[in-house]
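In what follows, chain A forms one complex with chain B and a second complex with chain C.
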Partner chain A sequence: MERRNFIKSMCAASVVAAIATPSSLLAKDAAKGKNVLTYDAAVAAITGGKAATQSDKIKLTVPEIAENGAVVPVKVNVESPMTDADHVKAIHVLSTKNGNARCADVMLTPMNAKGYFATRIKLAGTQDVVALVELSDGSFLTTAKSVKVTIGGCG
Partner chain B sequence: MEIDRRDFLQIAASLGLLGAVGGTNLFAGEAGKERIKKLSFSNVVDFEAKGKATILHICDMHAHIKPLYWREPSTLISAKNLVGTPGFICGEAFQKHYNIQPGTLDAYFDTHNDFSELAKKFGKMGGIAHMKPIIDHVKKERGAKNVLLLDSGDTWQGTAVALKTAGEAIVDAQNYLGVDVMVGHWEFTYGKERVHELIGKLDGEFISQNVIDNDPFSDDFEELIFPPYSIKEIGGAKIGIIGQSFPFTSTANPKKFTEGWSFGLRHESLQEYVNMLRKEKKVDCIVVLSHDGFSVDQELAKKVTGVDFILSGHTHDPSPDPIIVNDTVILISGSHGKYVGRLDIDIKNKKVVDYNFKLMPVASNLIPADKAGVDLVEKWYKPYNKELNEVLGTTKGLLYKRDTFYSTFDSLIGMAIEDEMKSDINFNPGYRWGTTVLPGGDILKDNVYEMTAITYPEVYTFDLKGEVIFNLMEDIADNVFNANPLLQQGGDMSRVTGASYSITISAPSGKRISDFMIGGKPIDMKKTYRVSSWGGNLQNVGENLDEKIIRPVYEVVSDYIRKNKVVDISMESNVKVLDMDCGCPVKGAKC
Partner chain C sequence: MAEARKSMIKFKPKKFKVGDIIKVDFIVIHPMDTGLQKNKKTGKIKPAHYIDSITFSLDGKPFTTMKVWETVSTNPYFSVNMKVLGKGKITVDYTDNTGEKNSKSKKLKPKG
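Up next, the complex of A and B:
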């Protein structure tokens, strides 16, 4: 059960800053209060305006359809040797349409051994989930996947 | 059923018998009657065998252990890119696609056309006592050890006897039929504990690679709930069978039944199992036993390599011919016990070199009932016969389920709810299971259960804002008409009573519905409406739920029919499709 233990240890050691976003399946105008950060602003705050390269080195795992919009599991796995010279420095999870687009930030070091992070986020409706990864050379990689949030009801 | 000589000839012609036996005089007289009976059965099971291994496939029986009438859809509308493709064809378009002659047994089984008339001629469909002789015949022909019976799920739910025995009657029926391996969807609506109990009673195996523990605090977090695969040796070959239960169970059905379990397509782990079974377990053939839905499985075959066969389910399509996507052969065997699919596989040098497939129609009048099956059905129905055989009333016209937006039996259910709950608008789920009652026929309590027998039958009445109702309809429409099959959930549109609307299928998500009227007036987005609903999740977003008037839908509908004695339901839909001209369009959206 190597994988399970790994995930567990990740949870124990996590430095998750999951930012709560009030969400409702149907509320179009979620989070117009204080806690507002648009997707573009969130990306700019992370990259400082640097371009992020689309990359298939990031494996982003999300459900096609969320089982529950309030807890959507997200896994980010970055292909990296995780050496001092070449490692993943940070993994950021963002959503394109949440009131606050910045869902989670985690800082990594070569000690983490893997460029891996798993968490759960809230999604206020159907939108893209984005993984934004900072490498030790200061460059950024990114990838996105769409997650559908629906009340469902068929059979 | 009285079969006269003319009918015999038509049955014979429909089965392609006349050519085979040459000359019509064979069917004259009493001796001819006997002969056609034998010939009919032999023709149902007639098959060009291949290789040494056989898989029999059933799916979506919905607990119909007795024969029934089941009419296929007369309206089956999809996203434009999918129009006219298998999974989205019906009626004449279906007959043309599969080269089926009108008026034949195949036309009766596969399409809605002339249904009431053909029903009188060919009789009821399915029933375990009529399925069993087909299974026995194949096992005798091939050797029982070379035959597997695989079940794609939606087997334990759908009738009164299933509901009242919490699935046990149906597991008994599966054991009688000899189900070797199954997956699930509605099975899960009995709740986690009962699912495990019933699996304990099942002689076969329940497998799923896509159901995992979802509780981060449990010791089994992200562990599998069921064995992911099964390896069977038949006809000298090793078959790896991987299970796919319904990926969207937790959004399609109440979460409370599967709290702590996570579903999903999980095609990445599916690929890992495929690779592992090939490399480490050295299987000769990979079969995915699936409840994903026919169109989802066609997409799945584009994402996962190395699968020989997908035995699909969920969407209730009868598909006489296989679909081939990237070397994966996809099969689906209808619903309600109407067919037994037979797949013969020829394996040489650890590779599938040939196969043959046929949907064998379970025509109850052509297949003599197996006594043990009749007895089994009687045993389980006996305690409930008095209640279930009550004649509630009769129907003037055809009562049927299916169709994308509207069907007469749904309309009857909606009228009953409207009458009792006095709400402005009612929602009925767009399930694809149910029953059919012929024009002039008695409506039994059993028939009402066949339309509504679920473990959460409560009719809820509550408030919703116009805006919320409208957004809900758009949300549901996007689940049905999304151009990407992976984002569809395989049902039909929720039915509405007390309202009408127009729809543009090809419009973008959120912009499909127009001209939405409630009580004959345009919907007021700011107004609060009184809404009744069952079988879904809508009450969770409503306010002012009236706890006092909650009742099971089958009681509401039964009372309404008793009160009215004769029901006469319009065949006209309350939904207007703006960008398609007919119910069964062919490719290119033409009719």
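Up next, the complex of A and C:
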């Protein structure tokens, strides 16, 4: 029994080491970049301390599993009448664990007619993609979806 | 750096009428270097080189402005909606972090 337990613990330790190494390496690489901003700091900079509410009005379309982290398609659809009085002012696309959490800030106007934005982003590893939406009345809506990344794309 | 980059504006669907809501897609050939990768031949770190701002405008009047970072993929693609109100010209201006400025435009021709 002792030998069995020993081998088990060894296996567990090696698995933990294997998982831990890439993420620590990534953190090191990220520190070298100039545009380093954590997710929390990015959100605070956008909302200015206001609380963002979770909402079903935002439809965030991302793949569940991305084989290549360098190209992850992201689509954001926000239900909104898009009139002068009530429209989507901005859509921010963020990621939780990239060195630079910000991906794109899109300022929309009523001329867009729909709260829609699509692009392709890079993800350094398995993490959440977050859409933060600012409405014309100054309130913020947010939604997040996790993406499994098999090969990282940031560096 | 005056050489113009390959870029493309697409309207989806291709045929549309006045009053329709269409998608305006913009694609540009750009390396979007993060400043973290090494050049495999020389072993030197490639400097960061990415598009940082984009403006979509109709007849010179901007309707969508974007700020983007190096976390957007190589050869970036951006898509927004727009309501067609008549003939016009869509222009997309973009600037990258080295100060390079370019623009691309396409005429908007609704039928019917």
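Criterion: the second predicted complex is superposed on the first by the 117 of 155 C-alpha atoms of A that agree within 3 Å, B and C clash if a C-alpha of one lies under 4 Å from a C-alpha of the other, contacts with A are read in each partner's own complex, and residues count from 1 in each chain.
We adopt the following convention: a contact is a pair of C-beta atoms (placed from the backbone, for glycine too) under 8 Å apart; a residue touches a chain by one contact, two chains touch by 3 or more.
For clarity, every value in this text was computed on a predicted model and none was experimentally measured.
A.B. asks: Considering only touches as defined above, state whether A:Met107 meets chain B (first), chain C (second), both or neither.
C.D. replies: Only chain C; A:Met107 stays clear of chain B.
A.B. asks: Please indicate which partner A:Ala70 is in contact with in the superposed arrangement: first for chain B, second for chain C, both, or neither.
C.D. replies: Touch partner of A:Ala70: chain C, not chain B.
A.B. asks: Can A:Glu134 be said to touch chain B (first), chain C (second), both, or neither?
C.D. replies: Neither partner.
A.B. asks: Now for A:Ile151: first (chain B), second (chain C), both, or neither, which partner does it touch?
C.D. replies: It touches chain B, and chain C stays clear.
A.B. asks: Using the superposition on chain A described above, determine whether A:Phe117 touches chain B (first), chain C (second), both, or neither.
C.D. replies: second
A.B. asks: Under the stated touch criterion, name the partner, chain B or chain C, that contacts more residues in chain A.
C.D. replies: So, of the two partners, C touches more residues of chain A.
A.B. asks: For chain A, which residues belong to both interfaces, chain B and chain C?
C.D. replies: Touching chain B in the first complex and chain C in the second, residues 153-155 of chain A appear in both lists.
A.B. asks: Flag every residue of chain C that touches chain A in the complex, lowest number first.
C.D. replies: 21, 23, 34-37, 45, 48, 58, 63-74, 76-83
A.B. asks: Going by the contact rule at the top, pick out the chain A residues touching chain B in the complex.
C.D. replies: Residues of chain A touching chain B: 3-4, 7-8, 11, 25-26, 28, 61, 63-68, 73, 126, 148, 150-155.
A.B. asks: For a test of understanding, state which residues of chain A touch chain C in their complex under the given definition.
C.D. replies: 29-30, 32-35, 70-72, 95, 98-100, 102-109, 111-114, 116-122, 153-155
A.B. asks: Contact residues on chain B for chain A in the complex?
C.D. replies: Residues 185-186, 214, 216, 221-223, 247-248, 250-253, 255, 262-265, 268, 429-433, 468, 471-472, 475-476, 478-480, 486-487, 489-492, 494, 509, 535-538, 540-541 of chain B touch chain A in their complex.
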